[in-house]
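Here chain A shows up in two complexes: once beside chain B, once beside chain C.
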Partner chain A sequence: MAAADSPSAALRRRDLCSRGIRLAGKMRSDVIDLLDAYVERQGLDASASVAVFEGVPVAAAEHWDEQTGTQRLLENLSAYRAFRSLLAQMLEEQREQLGEADAPLGQALAAVLLQVSAFTYHLEELLQLVSPGPPSEEGPGPPLPSHLSLFERKLRGLGVLRELAQWAVRSARDLRQLNKSSPGSSSAPSPAESP
Partner chain B sequence: HPHNLKCVTHNLRRMFCAWDFFSKGRHGQTDFCYTTNELSPPVCFKTKEKRVEIPVPQRSSIVSITTNSISGTATKEYEIHKKEISFVPHTPHILSLTPDFSTSTLNLKWNDNGSVFPYGLDAFWQIQILRKEATEKVAQITYYSKLTHEDTILSWNWTSDMPLECTSHYVKIRCYINITQFVGPKDWSDWSPVEMIPGKDTEPHGSGVYPQDTVVAVGSDVTICCIHEEGQQIQRMTYGPETYPMIHLSSRSSAIRVLNASASDASGTNVVCILSEYEMDGTVLFVGYAPDTPQDLTCETANFLEIKCTWKPGRPSGLYGKRGTKYSLFERLSGKNVLCKVNEMNRDRICSFPVLADQKTYDFILNISNPIGQVQSSLLVDLTQRVHPKTPEKLTVSGNSSTSVHLHWFINGSFAEIRLLCQIEIVSGHSEQKMYNVTMWGREFSTYTAQLNMLHPYTKYQFRVRCLAADHFWKWSDWSKTEEHTTSEA
Partner chain C sequence: SPTDSHIQYERVGADVTMKCGSMDWDAAVTWTANGTDIDESHLNGSYLILKNVDLTQSGQYSCYEGSSWHLKYQTYLRVGIPPKEPVLMCRSNNYPKGFYCSWHLPTPTYIPNSFNISVIHGTREMVCEKDAFPRNRCHIRYLQLFSTVKYKVTLTVTNALGKNSTTLTFDEFAIVKPDPPESVVAKPVPSNPRRLEVSWKNPSSWPDPDSFPLKFFLRYRPLILDQWQHVELSDGTSHTITDAYAGKEYIIQVAAKDNDIGTWSDWSVAVHATPWTEEPMYLTTEAQLTETTSASTSSFMPPPTTKICDKGAVVGSGAVAVCWTAGLVLAAYGVLFI
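After this line comes the complex of A and B, so read on.
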């Protein structure tokens, strides 16, 4: 950690970590629900294996345990910024392709987008505490390759939601790790780890 | 000796005569003589060929063929009667073969060489469409035309039952000209050289599932193909939840055929081509209906500013978003066209059209279209006969008389063109209810007043008002809010 923690800062950080863990847990369950609805509404095969699409952040991390707290937060922040723009693209496409036809799916997508935006803001706040001056916004996020066919967009959406569900698990673990390494912390409850 | 002499004409004026030799050995020059009619002397010339081009005779032609070979000279004479001369049109040539991938249509253009023939002859063109390296005939069509003694470019379209991307398509054409006055045998021309439109399965890295994200009508038969790299193998192709038997098109292309397609979900029906556990490709097919004819189209105005047309949509098309149904309202007299923003989820459809200055009659055409079809509905409206005023607002009651009051109310709208009939409901404390009608000239966004007399003193009354167009009853406005008032003591 770059800055020595004053007691109030440490308290604030533990609070942000705990709240972040709960946010991630809630987000994960909502993403799982959305994933089920998405697969059903888009007529996809739930067991289909989907290649990783360009621009979709991958949750699996090599040398995860060697990462510093700041690195964890930076990777999380970059991922959720990407997810924020990916979900916004999906929502835009949903409206373009279906209009008002599938409002429930659109609303569920919008709800998860809101949570991702909130979680992104939460990470920025936490990063401000852990390492002053978070990186500036990285531009509009991954552009949607215009040549994707509708079927590829459906698969891409499936890949985004699956990866986001993985990231929610990883984020909870990252925040717990951050919590452990902050002075005077005791390990926070971990709803995300419950089966 | 020369034998087996045959003559063929392509244009009724000149003919090609060809013969064979009994012996196979080398032949020197041949002396060829012919007459075109009984009176003219023979025309002779030398040739090394076994084929000559000479004029078509009026009735018959005497031909003598003298051949010189190592074994000596031999002469053979023939009389060729007109009825022994065959007529075979020139082999046609395809001028252009143009694909329209969006509609899976091939456009064929060719020259009919009509200038060679007299006016008015019937010509038949046989066109063959082939696949699989031009070995499998998929369609043979006979196209009819009339020759006009001029060279005419003929054009013809063929729509494939599968996307043109799926595999290469080959086309060839031949013709038959029905020359009734020609006495000799008539036959089809030779086939033209084949023209080809390459499929995506010939492109080095061509791959994909076709058609891509297309819309078809419910009940259609659809062929969907999967194109993959050389050496890859398709495990299976599914349409929605079902696996379909595959049709082999080429080493890199297979297809499935879906018959009588049923309506798809809003997000379309996925067609998936599974190449391996980790590799798949696919497309989305939207199966829906053409727009239904609108029911109960009516148009009215509430304020002489805007005309609202409503209708019942009928059966949903099953197509949404950018494939959804588009609505536009065209007014014939003014030529104005308005695009309607319609919410497909509403039971009734609404479209607004501005009231135009100095125009009372409106001749509407409601155009409804989607990628599958289009329907129209028309309606002629005299706006003054279709007034449905807004609810009267700000009803107030004033007056300190014991037997009369003044009512005031506001109607949002520009009614200067018509007379209004307003009905006032009077309910007194003894639950006695009376209706009082008052007619007045409409005005622009105005407050209207009416005086009620012969009321009972010191009595509590409830008043409310509604209005409609006095001269052409169409619809009452809704009732205003109720206003209470107690008359003063006598």
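After this line comes the complex of A and C, so read on.
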């Protein structure tokens, strides 16, 4: 593996960042379409406020501009690994609840799950490049929603998709910051970039 | 004391009764409005009665004791109306630093108003710092980015006759709207009669275009037509128009939007430009006649060979002979096009 600050590594990082930004953009667009379909099929109010469910990664960040490249990647990776599990659960529930009656929704969910999986892999590659070392391990995963009612599961699903849409925007920004920062990825952006 | 400044606010259309301080009802008094005596028909004893007041009746009212002309009471009457629901707008033109909110009243109240704004994000109350200018604006710094929790902004306007309020609820991304692009320049491209080169700059209020890039929308049309052509550009701050009508003056504008979120800016200041056209030729007398005739066909472009008759290039008798020849050719063309 090339050193993190070698020219080839820098090129590879730029390439991975650029592709990641495009992936995130496409993912966001598809998640927004999925959100509309999900709200309609599940009979929910699109403007409803949803409380944060345990295990759903929240995109909101304080002092976002002060994060290092490694911190950004680790947070992104943790989030998308969680989304991967959450979407798989949602897909399973959707199949049990609606079965073949709503194949389009199931297909849309599966397509987004695939993109999330691909993006997760992409982040893992980037992290290896930016901060070489033993691969970071996946956490225990979000808890199974066995205690939730059907309605609560629907709301949870709404929350998952909303946060995923926010994360897709954040990820694109994170990758641009990563592209901008110096080859030494552990250095934080300059104070001039702070709001 | 009677000369203490006292302001009395009353609604338009109200009936107003003013007492002359501590004077009895049956005391002989004289009332003035802005120094002019008020007719006794407006008095009920020593009370001044103003029915169905209107804005023109705002002013200083004074009451004097009958014969001594001691000032017994003075007040400044301000006729106005309670505030209607204010108009509130919030926008982020400097994302991700923060956003601002501005407001105004749809109709004037004619009396002083005070404004109070509250900004709530989830359970957190945020400070909206009032701008020195304009006074009807305040700004908030983002403490969090990428939040799904909505912001709730409530504006309350209060005056002596009542209060009113309005509330806006929005999420972080929805209010992002950059200022228009700046320094839009459009130039003809030499030797290209159908091209215009347009360039612009990111709005200076947008703090970090590298991390939060903008995309642009360019529109252009010849002045003689109403229909715009549109081009969306995902990066870069320049574009070459390649389908301009030759010789026609164009009007061009550009708008900006964050690449991922929010809405388009307003259109930039319009710039005008005309594509490059070949300079008119200075020809011999016969050729000048031809040029006058052929000028009626707007799309006629003189053939390249006439360049040799360019005023600056004609030297010596040989070139003059060539000029004459070209002049004859032009004359032939001119006849054909009549």
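Heads up, the rule we're going with is that the second predicted complex is superposed on the first by the 171 of 195 C-alpha atoms of A that agree within 3 Å, B and C clash if a C-alpha of one lies under 4 Å from a C-alpha of the other, contacts with A are read in each partner's own complex, and residues count from 1 in each chain.
Please note the rule applied: a residue touches a chain if its C-beta (ideal position, glycine included) is under 8 Å from a C-beta of that chain, and two chains touch if they have at least 3 such contacts.
These figures come from a predicted structure and were not determined experimentally.
J.: Quick check on the chain A-based superposition: chain B and chain C, clash or fit?
T.: Fit.
J.: Given the touch rule stated above, what does A:41 touch, chain B (first), chain C (second), both, or neither?
T.: In the superposed model, A:41 contacts chain B only, not chain C.
J.: Touching A:154, do we find chain B (first), chain C (second), both, or neither?
T.: After superposing on A, A:154 lies in contact with chain B but is clear of chain C.
J.: Check the residue A:49 against both partner chains and state whether it touches chain B (first), chain C (second), both, or neither.
T.: The answer is both, since A:49 touches chain B and chain C.
J.: So in the superposed three-chain picture, is A:180 touching just chain B, just chain C, both, or none of them (first/second/both/neither)?
T.: It touches chain C, and chain B stays clear.
J.: For A:170 in the superposed arrangement: first (chain B), second (chain C), both or neither?
T.: Only chain C is touched by A:170; chain B is not.
J.: Where does A:96 make contact in the superposed view: on chain B (first), on chain C (second), on both, or on neither?
T.: first
J.: Rounded to a whole Å, what is the shortest Cα gap between chain B and chain C in the overlaid structures?
T.: Between chain B and chain C, the minimum C-alpha distance equals 9 Å.
J.: Under the contact rule defined above, give the chain A residues that sit at the interface with chain B and also at the interface with chain C.
T.: 49.
J.: In their complex, what parts of chain C are in touch with chain A?
T.: Spelled out, the residues of chain C in touch with chain A are 96-98, 141-150, 173, 207-208, 210-213, 260-261.
J.: Contact residues on chain B for chain A in the complex?
T.: 208-209, 212-213, 240, 265-272, 277-284, 320-324, 343-345
J.: Within their complex, state which residues of chain A touch chain B.
T.: By the definition above, chain A touches chain B via 41-45, 48-49, 51, 95-103, 149-152, 154-155.
J.: Under the stated contact criterion, what part of chain A meets chain C in this complex?
T.: Touching chain C: residues 25, 28, 49, 58-62, 64-65, 162-163, 166-167, 169-170, 172-173, 176-177, 180, 193, 195 of chain A.
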